[in-house]
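Quick notes on the structure that follows.
Lettered A, B and C in written order, each chain numbered from 1.
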Amino acid sequence: MENLLIQTKDIVKSFFGVTVLSGIDFELRKGEVHALMGENGAGKSTLAKIISGVYQADSGDVLVEGEKHKFRNTRESTAAGIALVSQEFSLLPDFSVAENLFLMDNSYYKNNTFINKKAMVRDTRELLKLFDMQDYIDPYTNVSSLSVAQCQVVEILKAISKKAKVIILDEPTASLTQKEIDLLFDLVRKLKAEGVGFIMVSHKINEIFEICDRCTVLRDGKMAMNAANISDITQNEMIQAMVGREVNNLYGSNDHEKDFDSETPMLEVTGLCDAVGYVTDASIKVRKGEIVGLSGLVGSGRTEFVRAIFGVDGRSAGTVSVNGKVLPAKNIIASMNSGIGFVPEDRKVGGLLQELTILVNSAIATNVIEKGAFTSRDKEFSKCADMVGKMAIKVNNVDNAVKSLSGGNQQKILLAKWLMLNPELLIIDEPTRGVDIGAKADIYAILRELAASGMAVLMVSSEMPEIIGLCDTVYVMREGRIRARLTGDDIDDEKIGYYSTIG
Amino acid sequence: MKKFFALLMAALMVLSLAGCAKAPAEEAPVADAPVEEAAVAEPLKVAYLCPSLDVTFWRYCRYGVENQLKTVLGEANVEVVTYDSKNDANTQLNNAQDAITKQFDYIVISPTDSAACVSVLGVAEEAGVPVVICDIGSDSGTWAGMVGTDNYGGAYEVGEYVAGLVEGDISYTQVTLPMARINGQKRKAGFDDAMAAAGNNTLVDFKQMENVDRSDGYNYGSDLLTAYPDAQVVFVHSDDPALGTLAAAEEVNSGVIISCFDINMEVVEAVKAGKITAVGAQQPVLMGRTCSDMVIALEKGEAFEAEVYLPTLLVTSENIEEVYDTLIATAMTEE
Amino acid sequence: MKVEQKLEHNVLKRTLIGYKTEFTMLLLFAVFFIAMSFASEYFLTQQNILNILSQISANSMLAIGMTFVIITGGIDLSVGGILGLSGMVGSMVLMKTQNIPLSVAIIFLVSIFIGLINGLLIGYMKMPAFIVTMSTCEICRSLDYVISNANTARGFPEAYQLVGKGKIGGVLPVYVILIVVLFGVGIFILSRTKFGRYTYAIGSNAYAAELSGINVKLQTMLVYVYSGFMCAFGAWIMTSRLMACDTTYGNGNEMDAIAAAVIGGVSMSGGKGTLWGTFIGIVLVGCLRNALNLLGMDPYWQGTALGVVIIMAVLAERLTTTAKRA
C-alpha cells in the first residue's frame, strides 16, 4: 500500500533479559487515527518509544513511508517527521509559547545570534489561526502558566511546525476536561484531513470509539488484536482482547433502586467553605452502604471539597460531622480516628511512599492510629498478606519497593492501606486513574463489596461511566458550589453534563 | 557487566592506594647505602607531627627536623615521616596514635595548642615513645626535650631598635596574636617593656587577630591607622599580617614605622625596600634542627639540655645584607 | 476474585534485597580491609583496630544523627558547630566547677537546645534545612569564640577521661561500648519503631506522609533534636579524649558525617538508607585515614585519596543498583 506512513515488522525488544515486545507488526496509514491499546505493561508505550527513537528494537524493522530507518534518538525521528507528545512535556516552562515553538529554528535568528521575537509571535499567531485557536492561546504566555490541555495543543503545534507526518499521542486526555478533550479532538480531525497520521495510546475506550479509525491491541508484549476497524468491533471485544478474559459488565449491576434517603446520614457536611475559597457553601450527606459520587469538571472544587472534609486543608465555615459527632477542622488524625479513610487523587504525589516497601506502605496508616511506639513485622505481614489475597494484588514479595508494582496494583495497595483501618467512610478521589482495565474491574468490585457490607463511600471521579455505573447518589459541582443532587434514574450523562457546565 | 565494572573499580581503588603508598618507599636510595654496620641495623624511625603544612613557618620546621636527621645519621639510617594535624587537635591525636602503631622510635611534635598536646604525650608515654616538643609547649605531661623561641627577648630587641629610631615621646599600636596564647602575651610584653625602658612612650591601642592571616593584618592595621593617625610605630605579631598592615599603610600613605615578629620571603623584600623597618625573626629551621639533635642525643644516650629557648635574629633595613645568609639558613629553607 | 497467593517470607532473601547497598559496601570494605592487612603489618593489630575505633568515635555519633536527618530528605550542617559549642560550654563549666555530671548535663542541654531550634525552623517554619543548619553552625562557631574568648579550656578532673580513654575491666574501651550501643539503638529505632518508620515516610514523600496522618512537622523537628542529642555524645567523647577544648573542635566534622552516610548508601534525596550502611561508611573512612598514615602517604595527597575513594564507593554502589533497574 502506498499510503502507509509507518510500518513495523516483527519488532522484538527486551530489557535485561525480559522480553517486553515480540512479533509486533504495526501499521499506520496516512490520515488515520490508530489506537494502540493494552493494559499497563502490555508494551504499548515501549512500542511508541521504539517508533519515535527513544528505544531501539533488538530486532525487526521500522519503515517510514516504505523506507527502513534505525533511529538512534528522537532527533533523528523528528527529522523523519515523527513526533511524540507524551505526558511529560518537552516544553520549556519559563519560555513563551512562541519561543517554545520556534526556539530551535535558526531562521528566527538574525545573524544566528539575536532572536527575532516579532517573527516568532507572528508565525505562532498564524499557526493558531489555522486551527481556530487564536483566542485559546496567547503566543506571549509563558508555558508554565498554561493548562495541561493548552500545553498539549502547543506540543502538537510544535510537531506541526516541524512538518511532522506522524504524531504519537500518549494518554492525551488523562487530565483534560470534556471541553478540552473536544477541542483537542477537533484539532486531531483537522490535521487528519490534511493527511497527518496519529497513533493514540489510551485507556479510555469511549474516546477510542469516538475518534479512532482502527485499533491495535497488545497483551503481554504480543499482538492481541491486529489493526481492526473500529466500526467492526464492540467495546467488549476490545476489553476482552486487552485482558485476555471476558469481563462482563465492568461496573456490575446498578439499578439505582435502593433508597437511602430515609436512613440517618453517616457523614453530614453542612455549608462548608474551605479556607482558600475553592469551595463555597457545600452540603452533602452520605449514608451507610451508599456510594456517593462527586462529579464536575476538573477545577470545579471537588478535590478541594473532599480534602476539606478529611481535614487536609482548613475550613472557613460549615461543619463536618460523622455519626453525629462534629470533626475539628484541619485535623487529619481526628478524621482517621472517627473512621474516615482517604485515598487521594494522585498516588505518586500524595498516596504512596514510592521508594519504601509494599509492606510499609500498607501499614503506615495503621501505625498512625494504633497505640504504642513499636512496629511489629509479623502482625503487619499477616495483615498485608490478607489484603493481598483478598484484593487479588499481584505481589511477589512485600519487601520490594511499591514503585515496582504496576499502576493498578499500586492503587490497590493504596486502597488496602486504608481498608486495614476498617473505616466507616471511605473517601476516594479518582479511584481508577492510570489503572488498566483489569484492575479497574477489580476496584469497582471491591467498592461495591465494601458498600454492600455497610461502608459509606464518597467518590470523586472525572470518568462519567464510573459515576453512572457505581453511584447511588451523585452530587454535581461547578465553580465551588454543589449544583445538583441526582438519585435513581436521574443519574445520566446528560444531566451531569448539564449541571457541571451551565445548569 | 556493570557489576563487573564496579568490582573492577573497587580493585583499582585498592591498587591505587597501595601504589601511592609504595611511592615514598622507592625514593629511599637503597642501592646507595654503604654496606656498613649502620646499614645492617634498622633505620631510626622518627615521626614529626606538624600543626599545619599550610603555614610556611611549620614547613621550615619540618625541613629542619628532617634535614638534620638525614645529614647527621645518613639518609639510609633514618626514616622520618611528617603528619599534618590540619590545625585540629583531634586529627593530631589520631596521627599520634597511628605513628605509635607504626612503631616510630621518636615523636617530634609542634602542638596545635598546649592543652591538646597533653593527650598526645599521654598516648606516647603509654607506648614508651619519647617525645620532643618543637615550639608552643605543653600544659603538662612528660617529654624528653623541648625547643622554643625566646618570644619576650625577641620582641624586646625589636622594641629597643625601633625606639632608637624615633626622637621624643612615641605613641605606638600593636596588632597582636590572640592574647589567650602565651607567645602572644610574651611578644606584647617584650615590646611594651622595651618601649617603656626607652622613654615616655605609650601604647595607645592594640587589636587581637583571630585568624592571624594577611586579611586580619590588613583589617586591624587599617582600623588602627584610621583611629590613631599620629601613632609613629606599629608592631605586628606575625609576618603575613605585617604585610597586610603594610598594604593598609601604603593605601593611606601613612609614614608609620612597621615592625613585626616572624619573617618570610615577602617580608624580606619589604625590609630590603625599607617598608618594614625591623623584624624579630624566629629561626624555625634551627628549631627543627635542635629538636633532631635532641633525638640523636637520646638515641646515643648522650647528655643534652632538655629545655632550649632559641633567640630571634634581629633583621633591620640596615643589617639585612649582612644577616641575609644566616637568615636563609636558620629560618627560611624548606628545600 | 479472591486469589490465594503465596507470599515469600524468607528472611535471608529479604535481607539480601533490603540491604543490597550495604552488602555491596561491605564487600568493598572487606576487599580494602584484606588488602590493607597485607600492605601494612601494623594494620591488623589489636591496638590499631582500637585506635581506629577511637578515632571514629566522635564522628560516628554525628553520623548517626546525620543519617536520620538525611533519611528525612534534609541535611544537618550544624553538627560540627553544635559539637564545638556544647563541648566548649561543658568544658568551661567543668574547668570552673570540676563537676563532671553537671558538665555532661550541660553538654546535652546545649546540643538538644540547638537541635530544637533547627527543628522548629525546619519543621514548623518550613525553612530549607541547608540554610537553617548552615546558619546555626555559623552561630555556634561564633558563640564558641565569644564564650571562650578563644581560650582553650583545660585542667579537667582525671575522672573525665572515662568516656574517651577509660576501659571497662582494663580491656574494653568505653568509646567502643558507646559506638556499639548507640548504633544499636539507632538501628532499632529506624527499623522497629514508628519514629523510624515516619522518618523514612517523610523522606520518601512528606505530602503522602501527611495525608497518612503523620504529624510531619513534629516528626521533622524531633529528628533534628535527635541529631543534636547525638552531637552531645560526640562532644562528650571528643573533650574527654583530648582532655581539653578549643574553638577548632568539630570544625568540618559535618562533612565526615555526611560522607559516612553517603558511602553507606543513604540517599541524599531521602527515604533510603540504613545505619548499617552508615556504620560501614564511617569505619571505611576511619580505616582509610588510618591506612594512609600507616602507609606513610604524603599528607598533601591524603585528601585526594579520600575524595577518590568516596566517589568510587558511591559510583560502585550506583552502578550495582542501576544494573537492576528495568
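Definition applied: contacts are C-beta pairs under 8 Å (C-beta built on N, C-alpha and C of every residue); 3 or more make two chains touch, one makes a residue touch a chain.
Nothing here was measured: the structure is a model prediction, and the numbers come from that model.
When every pair of chains is scored by its C-beta contact pairs, the maximum goes to B-C. The most central chain, judged by C-alpha centres against the centre of all protein C-alpha atoms, is C. If each chain is reduced to the centroid of its CA atoms, chain A and chain C end up 43 Å from each other. Note: centroid distance chain A to chain B, computed from Cα atoms, is 71 Å.
Chain C has its Cα centroid 35 Å from the Cα centroid of chain B.
By the touch criterion given at the top, residues 1-5, 7-9, 13-14, 17-18, 192-198, 200-201, 204-205, 207-215, 267, 271-272, 324, 326 of chain C touch chain A in their complex. Interface residues of chain C, counted against chain B in their complex, comprise 24, 27-28, 31-32, 35, 39-40, 42, 45, 47-48, 51, 54-55, 58, 145, 149-155, 165, 238, 241-244, 246, 248-249, 251, 289-302, 305, 308-309, 312-313, 315-317, 319-320, 322-323. Interface of chain B with chain C (complex): residues 1-3, 5-7, 9-14, 16-18, 20-21, 24-25, 50, 53, 81-84, 87-90, 93-95, 97-99, 101-103, 112-116, 118-119, 122, 139, 178, 180, 208, 210. On the chain A side of its complex with chain C, the touching residues are 15-16, 18, 312, 332-333, 336, 342, 344, 349-357, 360, 364-365, 367-369, 372-375, 381, 385, 388-390, 392-393, 395-400, 417, 442, 445.
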